[in-house]
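Only one structure is covered here, and it is reproduced in the block below.
Read from first to last, the chains carry the letters A, B, C and D; within each, the first residue is number 1.
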Amino acid sequence: MIPECLAAMGATHVVAMNYAATGVVASVSLTPETILNAVEVLDKEGYLLEDVSASDLKEGFEIAYHFSLFEGKSRLVLRLIVSHDAPTVPSISRVYPGADWHERECFDFFGIDFTGHPNLHYLLLPEDFEGHPLVKAEKARKGLVDVMPQTWLVAVGLANPEVPKPEAPKAEKPEPQNAIVAGVKE
Amino acid sequence: MNAFLLFIAHPAARIILWLVLMFAFIGFNGLILVWVERKVAAYVQRRPGPLHVGPQGLLQPLADAIKLMGKQLVTPVAGDKMLFWAAPLLAFAPVTVCFLPMPFEGRFNPLPMNLGLVLILAFSGLGVVSLCLAGWGSNNKWSLLGAARAVAQSVAYEVPLLLSVMAVAICAGSLDLYAIVRHQGAWPWQWYAMKNPLAFFIFLVCAVAETNRAPFDLPEAESELTAGFHTEYSGMGFGLFFLAEYANMVIVAGVAAALFLGGFQGPLLPGVWWYLLKIYSILFFIIWLRWTFPRVRFDQLLNISWKWLTPLALLDFALAVVVAGFRSIK
Amino acid sequence: MAPQDPGCLATVSTVDQPLVAVPAVQKLVDICRAMSIWPMTFGIACCAIEMMGVGMARFDMARFGFEVFRPSPRQCDLMIVAGTVNKKLAPVVKRLYEQMPAPRFVMALGNCAISGGPFAIEGQYNVLIGVDTIIPVDIYVPGCPPRPEAVLEGLFAIQEKVTGRRWWPEPEVGQL
Amino acid sequence: MQTFDPSTMRGDISSIRFEPGSTQDKMILNMGPQHPSAHGVLRIMLELDGEYIIRAEPVIGYIHRMHEWIAEQKTYLQFMPNMGRVDYLHAMAWNWAYAGAVERLVGIQVPERAEYIRVVVTELNRISSHLVWWGAYLLDLGAFTPVMYAFDDREQILDILQAVTGSRLTYSYFTIGGVYEDVPADFSKRCTEFVKRLRSRLPMYRDLVTDNMILRGRCEGIGELSVDVARRYGATGPVLRGSGVDSDTRKSEPYGVYNRFEFRIPTYTEGDAMARYRVRLDELETSCDIIEQAVSSLPEGPVSAKVARVFKPPKGEASMAVEGARGKIIVHVRSDGGPKPYRVKLRAPGFSNMSLFAELARGTMLSDAVSILGSLDLVIPEIDR
């Protein structure tokens, strides 16, 4: 399932994901230092840049790069986390020029500073806009453990495989299942 | 009655009468042509077109004209005010002169002279000056681009146009439109369009280009240059350009009808009706072209002229000279 | 509807002396104005497609004199604000309005142009709550997007506003 | 022309930023936001040398409508209507991408009939989107008539779809777990009739428009795009297929019931505007094929799984890729277990395709820029979101 090229990336974690449930084949955890190398690896393999998105978490801004091949179910997500105080990450627009606008969009919404970006300024928002609208309030932020699927958390070591198992079904599985299938309150 | 005939006999009076008539004709014709254009467009596009303003929308152009007169006239602050307002007048003024030597009717010639064709060609060439001034005076980049295109286009298409006209003039042995018409007959096989179809074709293409009509409407290319050279004109400033465009169309159609389609010659009907019929057929053709074809690109436009039309026209001219030469020897 | 921004009052409220002060002539001019309203080709969002649709063969607004879509604001009579106006676009809309020569009309087409529509959420950061906060609007046509029939009705309403009477028969209920 | 000093220029920051000091012999031209070929409110700043483009920079954001922000304020189902407004020309695909992503997140099985209906309405919508593009592109090239014919055909589709969805344009027909309502009884018949009608019109379009010499002159060899550039910029959809890559989400990651149908993915290898044009026209036929197959095998049954109005999906994230008329649409949904999404990211194909423009337009003429812009098939609200 996991493409072999991912080994050359220097990733901290490579987790195979269930495509039917997430639409992604593998999740690769990186750091700002390794992202450029990782992207170059993907470029050599002929991956297409789908998008660069960010998300505001307790741990910092999570930046997710989505790549896929021309054919087959091959979506990869490269993710890395930068701190709220100094959200800097090298720009990949040198390798993938299409990332230029995606990174500017992340700057618009979250204020992430992509170093080495040719023209990092507001793309979608007015040039005299102040602030970054998708940054959440401190208490509205959730941690990685709250937004990531259990399998991923276990694989990267953020949750213990033994401990959450009895807990997790109570916390996540039965509740939504009930709400969805039985909830015929029209 | 006698007094009137005497009055008519005086050349100056004839010219004045003719000019008055022509002004009425240009104005009225502009209105009719706008309606015809919209109706033809609507027919091509399978929709009703103007329908409810007057019977079959006949009053629509009148409403447009009166509305345009009632609009505020905006002068760009940074533009050259004098040039800006001189341009539409200059676009319209030569048009009236061009109607003077037009052979509407064989028996009535307001200004007998043997240089009618030269007069028309000289004055219709003035039109591009007005586009140039409009583009420059507006101080608008779109206008400037439009004006630059207009000048290049006009220069490129004057050449084959003149050559094709000269081919006919040489055959007819005259530059007087009346003489050229008389040189042809009432029936299609006696027309220059049949005798020299290449010149006719070249003339038609150049005529469309000279009047800035689609597919050669680059100076005002809507989807590229907003409105081209008349981007900044409001109200009647725009209206005059509009009117001049339609009047120019009539002029080229009139010249084409006289040079190639036998002008006022025709069986049964009085000549003026034949002439109008021929003019309007050509106009219909030009309108039809506009609603059918996409626009050519600028360099393609120039290529068509310099690489195809000009050599062809030269060839045609040479042939005409040879033919005319042989005929004179006989 | 008075403009909420006093900045454009000066441009809106100046009235020139009429050239011909004969009521009959003025009435005629008014009718001509109403029968020849040229809209600007200025589509912003979803409503622009319905604005295009109303110009196309099935609805054909040319029947009633709205034939010519002019790309240059200098030659337009009607600005159809067809879509959401946000803070980045607002100065542009205002400038376009100022570039149009008088008499000019503005139609707010669709809920976004009227009131921000589905984007007028508490705490939102970018969308203008109605285009009438920056320019005066003559006619509001609600819908998301309005059907072409509604756009036509809106255009008729402008004619009615200019001339004081409705020119075309009311459509029968349920006919459409 | 007036001389001016950029340093004293007030106001528009984008223009000042674009102007690098002295621009002798060059002209800075602002195309849009109100420009006939800007397809909405796109603005392009151009540096021109005569009519040749030295540098182009699109300025977008004039119709940024905060969809991603709104998603965080609304419940999962409440956000659905926004999907019809992201890309109003192919609203069904966006509907599907979002509904599909949420369905993946909670693990809902969509009933068979709903899947088939989804396919039919999405393909109908794709045809209508391509027809609008076709008309608008030719309008850009200065042909005024084809758009009327395109809209004529499109109105037939809208008639069918409004009977199904109750709306002409901004559909919100999909729900989480199926479609909102069953199709009317004569749906299949009308679809078949429409396909027949469109097929009979396509040869006319080819003869009158596609084979026109002037049109070819305006399209062939314009805006040539190599596969590598397309890949690095993330171009998808007809833009990518015009460069010869046989890549279509309907085939590569089949969603819904697309793997049950036989259809051909048209590709052309030239990579120019004409190739993109041909791909889109061929896709009309592809869509017709799919509609015919789907309509003829439309199963009976419910059209929607039972899903509560407000529900809480498990924490986690899901992505759904859908082939839209303009390319690969992806919706990423991230849930924290609450009733509202934690983050929704919309991947608009037009966004990536648009970013190609600066690359393609360099060195071409102004008229070519218009042609390239049209051949990329842009819907600005989708780009700005």
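As a convention for this text, a residue touches a chain if its C-beta (ideal position, glycine included) is under 8 Å from a C-beta of that chain, and two chains touch if they have at least 3 such contacts.
All figures in this text were calculated on a predicted structure; none of them were measured in a lab.
Q: Mind listing the chains that sit against subunit C and also against subunit D?
A: Chains touching both subunit C and subunit D: A, B.
Q: Would you identify the chain whose Cα-based centre sits farthest away from the centre of subunit D?
A: Of all chains, B has its centre farthest from that of subunit D.
Q: Based on C-beta pairs in contact, work out which chain pair has the most and send it over.
A: Highest contact count belongs to chains A-D.
Q: Could you work out how far the Cα centre of subunit A sits from that of subunit D, in whole Å?
A: Roughly 25 Å separates the two chain centres.
Q: So how far apart, in whole Å, are subunit B and subunit C when each is placed at the average of its C-alpha atoms?
A: The separation of the two C-alpha centroids amounts to 36 Å.
Q: Roughly how far is subunit A from subunit B, going centre to centre by Cα mean, in whole Å?
A: Chain centroid spacing, subunit A to subunit B, equals 65 Å.
Q: Find the geometric centre of each of subunit A and subunit C from their Cα atoms only, then give the gap between the two centres in Å, rounded to an integer.
A: So the centroids are 45 Å from each other.
Q: Can you list every residue of subunit A that touches 2 or more other chains, as numbers and ranges?
A: 125-126, 133
Q: Quick one: which residues in subunit D touch 2 or more of the other chains?
A: 35-36, 61, 64, 66, 69, 148-149, 152
Q: Going by the touch rule set out above, which residues of subunit C reach two or more other chains?
A: In subunit C, the residues touching two or more other chains are 56-58, 71, 88, 125-126.
Q: Considering every pair of chains, which are in touch?
A: After working through each pair, the chains in contact turn out to be A-C, A-D, B-C, B-D, C-D.
Q: In the complex of these two chains, what residues of subunit C are touching subunit B?
A: 16, 28-29, 31-33, 35-36, 56-58, 60, 62-65, 67-68, 70-72, 74-75, 77, 99, 101-103, 167-168
Q: For the complex, which residues does subunit C have touching subunit D?
A: 40-46, 48-50, 52-53, 56-58, 71, 73, 83-84, 86, 88-89, 91-92, 96, 118-119, 121, 123-127, 144-145, 147
Q: In their complex, what parts of subunit D are in touch with subunit C?
A: 11, 33-36, 40-41, 61-66, 69-70, 73, 81-82, 85, 88-89, 132, 147-149, 151-152, 155, 168-170, 380-381
Q: What part of subunit B is in contact with subunit D in the complex they form?
A: Against subunit D, subunit B makes touches at 41, 44-47, 78, 139, 141-142, 144-145, 148-149, 214-215, 217, 221-226, 290-300.
Q: How about subunit C: which of its residues touch subunit A in the complex?
A: Its residues touching subunit A are 87-88, 125-126.
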